[in-house]
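First up is the structure itself, then whatever we jot down about it.
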Amino acid sequence: MSTAPGPGLRPPEDRLDLAWITDKAVQVLMFIGGISAIIFILGIFAFIMREGLSFVFDRFDFLEFFASIRWAPTSNKNPTYGALALIVGTASVTGVAMLVAIPFSLGAAVYISEFASGKTRETLKVLVEMLAAIPSVVWGFIGLTIMNGLIIDLFDVPIGLNVLNAGIILGLMAAPIMTTIAEDALKAVPDRFREAAEAMGATKWQMIRQVIIPAARNGLVSAVLLGVGRGFGETMAVLMASGHAINIPDSVFDSVRALTATIAAELGETAVGSDHYGALFALGLFLFLVTFAINLTADLVVRGIRKQ
Amino acid sequence: MVDQLRSTPTGGPNAGPGKGAPLVLQIKDLGVRYGDKAALTGVSLDIRENEIFGIIGPANAGKTSFLRAVNRMDEFDSHMHVSGEVLYHGDNIRNWRNPYAIRRRIGVVFPLPVGLPLSVYENVAFAPRIRGVNTKKDLDIIVERCLRRAALWDEVKDRLETLGSLLSGGQQQRLTIARALSQEPTILMLDEFSIAVDPVTTMRIEAVLKELKHEMTIILVTNLVQQANRLADRTALFLNGRCHEIGDTQALFSGHVQHPETKDYIEGRFG
Amino acid sequence: MFTATSLNERNDQVQRRFRLLFLVMTLLLVLPVLIILTLLVVRGAPAISLEFLLAYPKSGMTAGGIFPALLGTIFLVAMALLFSVPLGIAAAIYLSEYAPDNWLTRIINLAIINLAGVPSIVHALFGVGAFVIFFGFGTSILAASLTLAIMTLPVVIVATRESLQAVPQAFREACWALGATKWQTIRRIVLPNSISGILTGVILEVSRTAGETAPIMFTGAAFFLPFLPESVYDQTMALSLHLFVVATQVPDVPDHLPYGVALVLVGIVLIMNATSIGFRTYLRGKKKW
C-alpha cells in the first residue's frame, strides 16, 4: 500500500496539475461571461449619457421637456424640445395595447394552463410562439397596409394610422410574452391547491377564480408589467402604424407620435454633437430609465412570490 | 448466495486487521454545519488500513455529512462549512491545494445509483480518461478489471455500448462501484448503497466488499444494522450529529456496549 | 335533493360558458397570426421568384430583387452569433455551474432581464455611441452586428441556462466524486447532454436577430447599396430595413413588392422558429435518463 509521507511533507499527488489550472482558468473566463451582462447594461447607460450629457446640462429644460408639446428641434429660429406630446403618444398607444393584450393574453394563459390539454395545448403554445416571432417591422407593415384599410373602412375615418391601429398591433405584439409569463405563473401554483379545491367540491371556474388566480397574482402582475415595458419600448411598428404626427390625441382615431419612433425617424438626419442629436439621446435616456424601472418592479414582484 | 448471507453473521466476527494496523485516516474534532444548522459535532475517530469501518445510526445523525467532509465535498456547496481535522496518512487533507487529488484517493458511492449518460464502457473509463489514460488497450484492461471486481462484468460484457443510465438500479449501483474502483482509491466510502437496490444485488455487493477489503480500506455507512454486523470489523454509532460509540463489531453486537442507547439502536428499539 | 341537482346543472353551465369564453379569447389572440400569414402569402407570393431572390433592386428600388438585402441579413446574423453565442454560453455556464447564491448573481440576473427589456431603439443609440463613434467602427457590419449581439444575448443565456439546469445534479456529483474538476464535469457530461437545448436557443436567436430593424438602422444597415460589402467595415443592406424602406420611403413601389419582401422575412424567421420548436419536441422524445 502507499507509504505514508510524514506530516509537513507534501504528498506527491497534491500538485497543481494541468486539470487544476485549466479549471481555474475556465472559471475566470466563465465569470467574465457572467458579468458581461452587467457590463453591457452599465455600458448602455454610460454611452447614452456620454452622447446626451452635454445636451442635458446645457440645453435641457425640465419644464419644457415634460410640459411642452412643442417638439421642434429643426426650427431655425426657436428650436424647442417639448416631449409631452411624445410621452402622451407613447402612453396612449401603450394604453390601448394593454386594453387589447391584458384580457386576451390572461384569458389565453388561463385556457392553456387550466383547460387545454395534450395536442390542443401544444398547438396553442406554438401559435403563441409564432405570434412572438413575427418581426416588429412586419407588424408595422401590416399596420400600414392591412389595418390601415380596415380601420378606414370600418369606422369611416380619413386616416387609419392612429392610436387604435398602433395600439392593436402593439397589443398583439405584447400578448405572447404576457401569455407565456402568465401561464408560467398559473402553472407554478402547486397541484395541492387544485386538489384541495376539488375536494371541497368547487367547480373548475370557482377553483380558477378563487384559488389559482389569487395564488398566481404576483406572476400575473409581473406579466402585465413586462407587457407594458414591451409596448413602451416598441419602435418600428409604432413608427409605421401610429401616423407619426405630434399631437395630443382626442380619440383613438387621432394620429400620434411615440418617443421611440421619434428617435428612429430623426437620428439619421442629425449632426453628431448637435443639440438635436443630444436631445434624441436624452429621449433614449428617459426610455432606458422608465423601462429599467418597469423591469425592476416586475422582478421584485415575482421575487415576492418566491418568498411566500 | 442466500447461504452465504446466512453464514456471515453466525460465522462470527470478520477477521480484520489487528490493533497494530497502520492508521489511514485520523479524524479529529470534525464538525459540519449547513448555514447555521450543525449536522455533525466533535467527531474524533481513527480508521485503519484494510478494515471495513461501519457507521450506523438513524436518519439525520450526520453520517452522510461525515463522508462529505472527508471527501471535501464542501467545495461544491457554499452552505456547507467544515471544522476540525481529517488526517490522511498523517497529512491534513484540508491543507491539500488540489482537492481533486484527494477524491482520487478516496472514492465514494452515493445512496442512489447514478449511471452517467455515457456507455457502460465510458462510465468506467471516465476517471482514467480525465487522468490522461487514453489508449484503448489500457482502458480495456481497466474497464474489464473494474467491472469484474464489481461483479458486473458477466452481465454487461456483451453490451458495453449501452447507456449506463439505462441499466437497472442494481446494475447501476455496481457500475457506480466499478467507476469508483477505476482510479484505484485507497479508501472506498459507501453511503447506504443498498437503499435503492434489490436484496440479491445487495448480497452480491456485500460479497464484493469483502473481497475489496484486502486491497483497500472501506468506510460503510449503512441504515441496516445487520449489514454492519455482517461486514464491518469495527462499527461506530452516530446519534444526533455526534459519534456516540465506537467498538469492535462483534463486541457491540454481543451486548458489550458502554451506552445503553447503542444496544437499543442495534436491537431496533429506535431508529 | 332537487335543489342540489339544479345547482350542479347551473354550475356545469357556468363552467361550460367560461371554458368557451376563454377558448374564444385564446383563438382571437392566435387567429391574427393565421390571417396575417395567409394575407402575406396571397399577396406576396406573386412577387417571389428565383430572380427576386438573386437580383439587385432596380429603378430606385421599385423593381428587381432583394439579393443584397438577403445576403446582408445573413452577414449580420452570422457576425452577431459569432459574438453572442460564445459569450452567452459562457454567461449561462457561469450562472448555472459556478455562481454562488449571492448579491452579484442577483445583479447579473437583473442585468440580463434588463438587457432583454431595454427598447431596441435604445440599443441602437448605444450602438451609435459606443461602436460607431467611440470605438470608431463607423456605420458598418461590425458595429451593427455587435449591437445586435448585445441585444439578443439574453436569448442565448436564458436558453442555455435552462438546458444546462435540465442535466440532473446527481451526474455532476458523481463526476466530482471521481475527482473530476468542475470544468471536466461540464465539458464531458453537462455540455454534451445539453448541447441540443443550446442549439435550440441559438436557432431562436437567429430568428430574433434576422427580424430586428431599429438596432441596425443607424449602426450599419444602408437604405440602398448597389454593391455587396467587402469587409466588416462596410455598410450593408438588410431585409428588415429594406421592408421599412420600400414600405414607407420609396414612392411608386408596386403593391406586390413590399409584400414579397415581408413574406421572405417572415418566412426566414418562422422557418427558424419552427426548426427550433421541432427540435425541442424531438429532443423531449429521446431522453438519456
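Going by the order they are written in, the chains are A, B and C; count residues from 1 in each one.
Heads up, the rule we're going with is that a contact is a pair of C-beta atoms (placed from the backbone, for glycine too) under 8 Å apart; a residue touches a chain by one contact, two chains touch by 3 or more.
Quick caveat: nothing in here was measured; it's all calculated off a predicted structure.
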**Request:** Give me the ID of the chain with the smallest distance between its Cα centroid and the all-protein Cα centroid.
**Result:** C
**Message:** Relative to subunit B, which chain's C-alpha centre is the most remote?
**Reply:** A
**Prompt:** Centre to centre, by mean C-alpha position, how many angstrom separate subunit B and subunit C?
**Reply:** 49
**Complete:** Taking each chain's centre as the mean of its CA atoms, subunit A sits from subunit B at a distance in Å of 53
**Asked** In whole angstrom, how far does the Cα centroid of subunit A sit from the Cα centroid of subunit C?
**Response** 15
**Item:** Touching two or more other chains - residues of subunit B
**Value:** 100-102, 104, 130
**Fill in**
Listed in rising order, subunit A residues that touch 2 or more other chains are 19-20, 23
**Asked** In subunit C, what residues contact two or more other chains?
**Response** 181-182, 184
**List of subunit C residues in touch with subunit A within their complex** = 11-12, 14-15, 18-19, 21-23, 25-26, 28-30, 32-34, 36, 39, 86-95, 97-99, 104, 107-108, 110-115, 117-126, 128-130, 133-134, 150, 153-154, 157, 181-184, 186, 207-208, 210-214, 217-218, 240-241, 243-244, 247-248, 258-259, 262, 265-266, 269-270, 273, 277, 281
**Message:** For a test of understanding, state which residues of subunit B touch subunit C in their complex under the given definition.
**Reply:** 71, 73, 76, 78, 100-104, 107-110, 112, 114, 116-118, 126-127, 130-131, 163, 165-166, 176, 179-180, 182-183
**Request:** Sort out for me which residues of subunit A touch subunit C in the complex.
**Result:** 19-20, 22-23, 26-27, 29-38, 40-41, 43-44, 47-48, 50-51, 103-105, 107-108, 110-112, 115-116, 122, 124, 126-131, 133-138, 140-142, 144-146, 172, 175, 179, 203-206, 208, 226, 229-230, 232-236, 240, 260, 263-264, 267-268, 272, 280-281, 284, 287-288, 291-292, 294-296, 298-299
**Fill in**
In their shared complex, subunit B is touched by residues of subunit C numbered 100-101, 170-182, 184, 188-189, 193, 288-289
**Prompt:** Taking the complex as given, what residues does subunit B use to touch subunit A?
**Reply:** 22, 49-50, 87-92, 96-98, 100-102, 104-105, 130, 186
